[in-house]
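Note that subunit A is present in both complexes that follow, paired respectively with subunit B and with subunit C.
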Partner chain A sequence: MLELLIQTIINGLFIGFLFGLAGMGLTLIFGIMKLLNFAQGPMIMLGAYGAFWVYVLLSVDPMLGILMTAIFGLILGALLYRGLLFKLVQAPALASLLVLFGVSMILENTMLNLWSPNPRSIPVDYPTFSFGLVTISGARLIVSAVAILASMLLMVTLKWTTFGRIIRATVQDRNAATLMGVDVTNVYMVGSSIGIGLTLLSGGLLALIYPFEPFGGLQYSLYSFVVVVLGTLGNPLGCLLAGLIIGLLHSFTGSYWTLNMSPAVAYLILVLTLLFRPGGLMAGRD
Partner chain B sequence: MSEEKISRRKYLKYAGAAVAAGAVAAAGYGISQYYKPPTPTTTTSPTVTVTTGGKRKVRIGGTKPFTGPEALPGKSEGDANKLWAKMVNEAGGIKAGDGNTYEVELVLYNDEDKPENVGRLYEKLITDDKVDFLFGPVYGPLGMATVPIVEKYQKFEIFGTCSFNPKDFRNWKYIVHTITNGPGYMPAILDMIWERVVPNDPEAKNLAITHGDDAFRQTAGSYGYEYAKQKGFNVVFYETYHSAITDFSPLLTKVKGAQPAIYMNAGVYTDAIQIIKQMRELDFNVKLLWTGTGIVFPRAYEALGKYAEDIVTCTQWEKGLIYKQDYGPTHDEFLNAFQKEYDYQPDYHAATGFQQGLVLQRAMELCDDPLNSEKMRKVAGELEMTTFYGKYKVDPVTGWQTDHKMAVVQWQNAEKVIVWPMEAGAKTLHYPIKKWSER
Partner chain C sequence: MNDLKTSVMGVNSLTISLGALIVIGTLGLVSDTATTGYLHAMLELMILAYSMNLFTGLSGYANFGQVIFYGLGAYTVAVCVVAFSAVGVVLPTFVYVIFAGIFAATFALIIGFPILRLRGDYFAIATLGINEAVRVTICNTKELGEGRGIYVLGMVPSYDIKMLFIQLLIVTFAAMIVTHLVLKTKLGYGLRAIRADEDVAEIMGVNTAKYKSIAYSIGAFFAGLAGGVVTLQFACSFPEYLYIGRSVDMFTAIVLGGTGTLLGPLLGSIIFWTVKDALLINFPYFHLIIFGIVLIIMVLFFPRGIMGILNRFLSKKGKVLE
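And then the complex of A and B:
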C-alpha cells in the first residue's frame, strides 16, 4: 500500500510539471497582452511534431529536437506578434478569440497535411529507475527537470531582472510604462515570443512521453485552462503550483478511485475555483 | 488614450461561454444526427469504375473516408472495392442466378470521416445515382449513419470494417456484416491463451482487463471480460477508463499491484502505444500482453521499436493466414493482385473491402432476381462460404456476422507472426514475453 501511495505521488508530480509548463505559456501571454490564446492546443501539438521531425530527419537525441523546437517557438512567437497579434492587443476581446481560433484551425490543418492524421510518437529509450516496487521513469524525470528549470528561469527573469521589471510595469499600467520610456510594443513581442516558446517546449516534452496527432491538442489546452484559472491568470508560479495540484488529483483519482473520473475531477476543481476563489490560488499575492 | 483590456472576469466569462457554446453545439449536433434524416445535396465528384460492352450492369455505391483521421483505412478498403470490381469485370462479369451476366459499376464518394456526410451521400447514391446496392463505410459511427437511409429506401448494404455492439441493433432488415464485431475481438486472444498457454502454465488464468469507455472499446472490453469469466479465467483486475485519457500511469500502477500473469486492454492505437510505453516506465512486466487493436499496424512497431516485440493483437485478416476456402481468389491471388495494382501490401481493411465484393458477387450468383434488394438480402442472410478472408455466415434475421473469427498475431523480429487459429498455419508463440529491462 505504501508503494502505491509513493508511486501515485510520483506519477502525479511528473504529469503535474507538464501541465504546469503547458499552462505557463498561456498565462504569460494573457498576463502581458491580455490575450486568450485559443491556439494553445495546436501549438502544443506543433511543438510535439517539431521535436518529432528533428528526431526523424536528423536522427539526433530527442532533447536536441525539443531545444530546437523551443527556439523555433521563440521566433514564431515574435513573428506572430509582428504579423498578427499586435493588431489584437487593442481589439475587442471577441475579435482576438475568433482570430486565434482561426490560427488554431490553420495550424491543425497544416499539421494534418504535413504529417498525416496518424498518431505519432518518439520511441525514446531512457532508463527507468526502480526502488523496490516504486519506479521512476527517466523520460519523466527529464521532462520534470526541464519544466522546473524553465519555470525558475521565467520567474527569476520576471522578479529580479530589469527586463522583468519592465514587463511587470507594462502589465500593471501600459500607459504609465510608455510615459516612463518603455517601448511596450517590444515588451509585447518578447512576451509573445516567450509564451509561445514555452508552449512549443511543453509540446516537445510531451512528445517524449505521449503519442500526438494534429487534432490532439484540445485535451491539453483544456487542462491548461483549468491550471491557469486555478493558479491565477497571469501568474507563472501559481500556474506551476496549480499544475502540480491537478497532476496529483489526476493521479490519486486514477489510483484510488477510477481513471474514468479524472477529467471530471479536474473540471470540478475549475468550477469550485470559480465559485469560491475566482481569482485563483495566488489572487492578491504578487 | 483609451484601450480595451480584457479583465479576469471577462476572460472567465468568454472562456466559460466558449466552453458552453462548444458543449451545446456538440450536444445539438449529436441529437440532430440521431433524430434528423440527412438532407440530400450534391457535393464531391465520385470515383466511378465505368464498364464497357453491352452486358447488364449492377451499380454499387458507397463512401469511404478518403481524407480525415481514418483516411488510411478508407483508402485501403476503397482500393480493395475497386480491385474487386476490376477483377470481376476482367473475368467477364457476374453470372447471376437469373441467367444474365452483370458488369460492375462502382460509385465511391469521400465521406471525409464525417457521419453527417455519410447520411446525405448515401441518400444521394440511392436517389440520384440510382445504385442497386451499397457497400458500407469504414467504422462504426460512419456505418451507423447509413442505417436510417438504407432501411428507409430498402436497399441492400454490405458492411465493411464497421464494428457494433449487438445492443445497438434495432431490427435492421437490409444489412449484413462481413467482419467479426466488437464482442468477438478479445475472445480470439482468450481462446488462444486457453488452448496454447494455460495447459502448460495454469498461472496464465490470472488476467487483468481494462478498456476505454467509448462505444468500440466498451463493447470489445466488456464482452471480453464476460467471456473470460465464462471460460474459467480468474480476472484479478477489471476497470474502465475515460477514452480521452493519455496518462495511464495511475491505472497501470493499480493493475501492477493486482499482479496479473496476463494483461489485456481493449483500446485503440494511441492507447496501445501509450500503455506499452508507460508499462515500461513503471517496469510493469507480464507474461503476455495485448494493449489494443492498433498494434496490428506496422506504424505501431515503428513507434515502439523493440518494445513492440512479443506483443500480441487480434486481426480480422493478415497476410499468411490460410483458410480452406471454397469461394473466390486464393490468399496469394488476392495478395499479388492487390500489390500489383496499388504497390503496397494489403492490410485487414483491404481484405475486408474485397470480402464486401465477394459477398455481393456470391449472393448475385445464387439469387434469381439479382437486382432486388429484398431477395438479395435474403440470399446473403442464408449464404455460407469460406473465402481467403475466412468464414462468412450471418444471422439470417439480423445480418450479424456469426462465423468469421479473428486471428491473433504476435510481433516477432519486427514481423507479424500468426499464432492463432491453429488451423490457419499458426506458428510458435513467444511465451512468457521478455521483461522490459531485458530488451
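And then the complex of A and C:
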C-alpha cells in the first residue's frame, strides 16, 4: 500500500512538471497578449513530432532533438505573430478563438497528411533507478529535470532581468507600458515566440514518455487549460503549482480509480475553480 | 438605419428562408434515397447552425460545447427507447425526439447557472471542459454502453429516411420561426446589446443573466432535437456524437453565413455543406486544411460573413436583409 502511495506521488509530480511547463507557454501568451492559444494541442503534438523526426533522421540523442524543436518553436512563434497573431491582439474573444481554431485545424491535418494517423513514440533506453520502495524511470527523471530547469529559467528571467520587467509591465498594463517607452509590439512578438517555444518543448518532452498522434493534442491542451485557470491566467508560478496539483490528481485517479476518468476529474476541478475562485489560486498576488 | 427597408423587392428574410426550406423539402421528398440522405445531413447541420446562432451568434459568446446538447439529445432518445421497450410501451418516434429537446434544454438551464457568469476566454474554456467531461463520463459509464454506445436496432421503426427527413424539416421550420421571433423581440435586441458591450447593456436595464440563459436553452433545445433524430437514423447513439469537431462545423457555417442573422445560418450551412462535400470527394486529405484557411480569412476580413457582403451592396440601394 505504502509502495503504491509513494509511487503514485512521485509519478504525479513528474507528470505535473510537464503539465506545468505546457501550461506556462499558454499562460505567457495569455498574460502578454490576452490571447488564449486554442491551437496549443496541435502545437504540443508538433513538438513531439519534431523531436521524433530529429531523432529518427539524424539519429542523435533525443534530448538534442527536443532542444532543436524548442528553438524551432521560438522561430515559429515569432513568425506566427508577424503573420497572424498581431491581428488578434485587439480582436474580440470570439474572433481570436475562431482564428486559432482554424490554425489548429490546419496544423492537425497537415500533420495527418505528412505523417499518417499512426501513433508513434521515441524508443529511449535510459536506465531505470530503484530506491527501495520506488522505481523511477530515467526518461521521466530527465523530462522533469528539463521541465523544472526551463520553468526556473523563465521565472528568473521574468523576475530579475530588465527584459523580464518589461514583460511584466506589459502584462500589468499595456497602455502604461507604452507610455513608459516600451515597444509593446516587440514584447508581443517575443512573448509569442517564447510561449510557442515552451509549448513545443513540452511536446518534445512528452514524446519521451507517451506515444503521440496528430489528433492527440486535444487532451493535453485541455489539461493545460485546467492548469492555467487553476494557477491564475498569466501567472507562471501559479501555473507550475497548478501543474503539480493536476499531475498528482491525474496520478491518484489512475492508481485508485481508473485512468480513463482522469480528464473528467480535471474538468471538474476546472468548473469548481471557475465557480468558487474564478481568479485561480494565485488571484490577487503578483 | 431607419430609412433602410428590411426587404428586397418586397421579399423579407423570413420569406426567403421559408422559400428555401420548401425547395429543399420538395427536392428531398421527390428524389431518390441518396439525395434525400444528402439533404437530410444538410438540414441537420442547418438546425445545429441555427441552434448555435441563437446564443453564440447573437450574444458573441464563444461556445465550443454546443455539440454536447446534440449528443445528449441522441442519448436521451436511446435511453428512452430502451427503457420504454423494456416495459413494452411503444411511443411514436417524434415523442422521443421531443423528450431529447426538453432534456437538452433542461441541461442547458442547469449548467448555464454557473458557466454563463463567465466571459470571453473563460467561457470558451468552460464549455470545452464540460463537453469533454460529459463525453469522458459517458465513455466510462456501463449503463450508457461505454465507448460502444447504445443500440436501439429493432426497437424503433426500421430505417426510413423520408420520415426522418420530414421530422427534420419540421424542426428546421421551427428553428427559423423562433430565430425570426427572437430577432424581432426584446430578447434579440438585448442579446445584441450584450454582444456590443455587456456592462453597458446591464446598466441600460437589460437583464443579461436571464436573456443569456433563455437563449442558451432555446439553442440547446434545437440541438437536442437534431440529436434525437440522429439516433433514430442510425438506430444507436455513440460517444462520437459529442466530438467537438461538430461544434467547429457549426461555427464555420454561421461565420460563413453571418452571425446573429436569420439568413446567415441558412446560407452558411448550405454553402458549407455543398463545399465540404465537394472538397471531401476531390481532396479527401486536405479539405479540413482548406476549411481552416477559409475560417481564418472569413473571421479576419469578413467578420459579418456573406450577409455582411450582401448587405454592403444592398444598403446602397436603401435595403438590407437580416
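In this text, the second predicted complex is superposed on the first by the 284 of 286 C-alpha atoms of A that agree within 3 Å, B and C clash if a C-alpha of one lies under 4 Å from a C-alpha of the other, contacts with A are read in each partner's own complex, and residues count from 1 in each chain.
Keep in mind that, in the parts below, a contact is a pair of C-beta atoms (placed from the backbone, for glycine too) under 8 Å apart; a residue touches a chain by one contact, two chains touch by 3 or more.
Everything numeric here is computed off the predicted structure, so don't read it as measured data.
Engineer: For subunit A, which side has the bigger count of touched residues, subunit B or subunit C?
Structural biologist: Per-residue touch count on subunit A favours B.
Engineer: With the two complexes superposed on chain A, say which partner A:Met63 touches: subunit B (first), subunit C (second), both, or neither.
Structural biologist: neither
Engineer: Regarding the shared-chain residue A:His250, is it in contact with subunit B (first), subunit C (second), both, or neither?
Structural biologist: After superposing on A, A:His250 lies in contact with subunit B but is clear of subunit C.
Engineer: Is A:Ser121 touching anything from subunit B or subunit C once the two structures are fitted on A? First, second, both or neither.
Structural biologist: In the superposition, A:Ser121 touches subunit B alone.
Engineer: Tell me which partner A:Pro263 touches in the superposition: subunit B (first), subunit C (second), both or neither.
Structural biologist: A:Pro263 contacts both subunit B and subunit C.
Engineer: A:Ala169 in the overlay: touching subunit B, subunit C, both, or neither? Say first, second, both or neither.
Structural biologist: So A:Ala169 meets neither subunit B nor subunit C here.
Engineer: For A:Leu98, using the defined touch cut-off, is the partner it touches subunit B, subunit C, both, or neither? Pick first, second, both or neither.
Structural biologist: Once the two structures are laid over each other on A, A:Leu98 reaches subunit C alone.
Engineer: Starting from the residues of subunit A touching subunit B, keep only those that also touch subunit C in the other complex, and list them.
Structural biologist: Touching subunit B in the first complex and subunit C in the second, residues 30, 36, 38, 92-94, 97, 219, 225, 229, 233, 258, 260-261, 263, 274, 278 of subunit A appear in both lists.
Engineer: Residue numbers of subunit B touching subunit A in their complex, please.
Structural biologist: Within the complex, subunit B contacts subunit A at residues 1, 3-6, 8-12, 14-16, 18, 68-72, 213, 239-242, 244-251, 253-254, 256-257, 269-270, 273-274, 277, 280-283, 299, 302-305, 307, 436-437.
Engineer: Which bits of subunit A are touching subunit B when the two form their complex?
Structural biologist: Result: residues 3-4, 7-8, 11-12, 14-15, 30, 34-36, 38, 90-94, 96-97, 116-121, 123, 125, 128, 130, 133, 135, 137, 139-140, 174-175, 209-211, 213, 215, 219, 225, 229, 233, 250-255, 258-263, 274, 278-279 of subunit A touch subunit B.
Engineer: Name, in rising order, each residue of subunit C that touches subunit A in their complex.
Structural biologist: Touching subunit A: residues 56, 60-62, 64, 114-115, 118-122, 124-126, 128-130, 132-133, 136-137, 139-140, 244, 248, 251, 255, 285-286, 288-289, 291-296, 299-300, 303 of subunit C.
Engineer: Touching residues of subunit A toward subunit C in the complex: what are they?
Structural biologist: Residues of subunit A touching subunit C: 30, 36, 38, 84, 87, 92-95, 97-99, 101-106, 108-110, 112-113, 218-219, 222, 225-226, 229, 233, 258, 260-261, 263-264, 267-268, 270-271, 274-275, 278.
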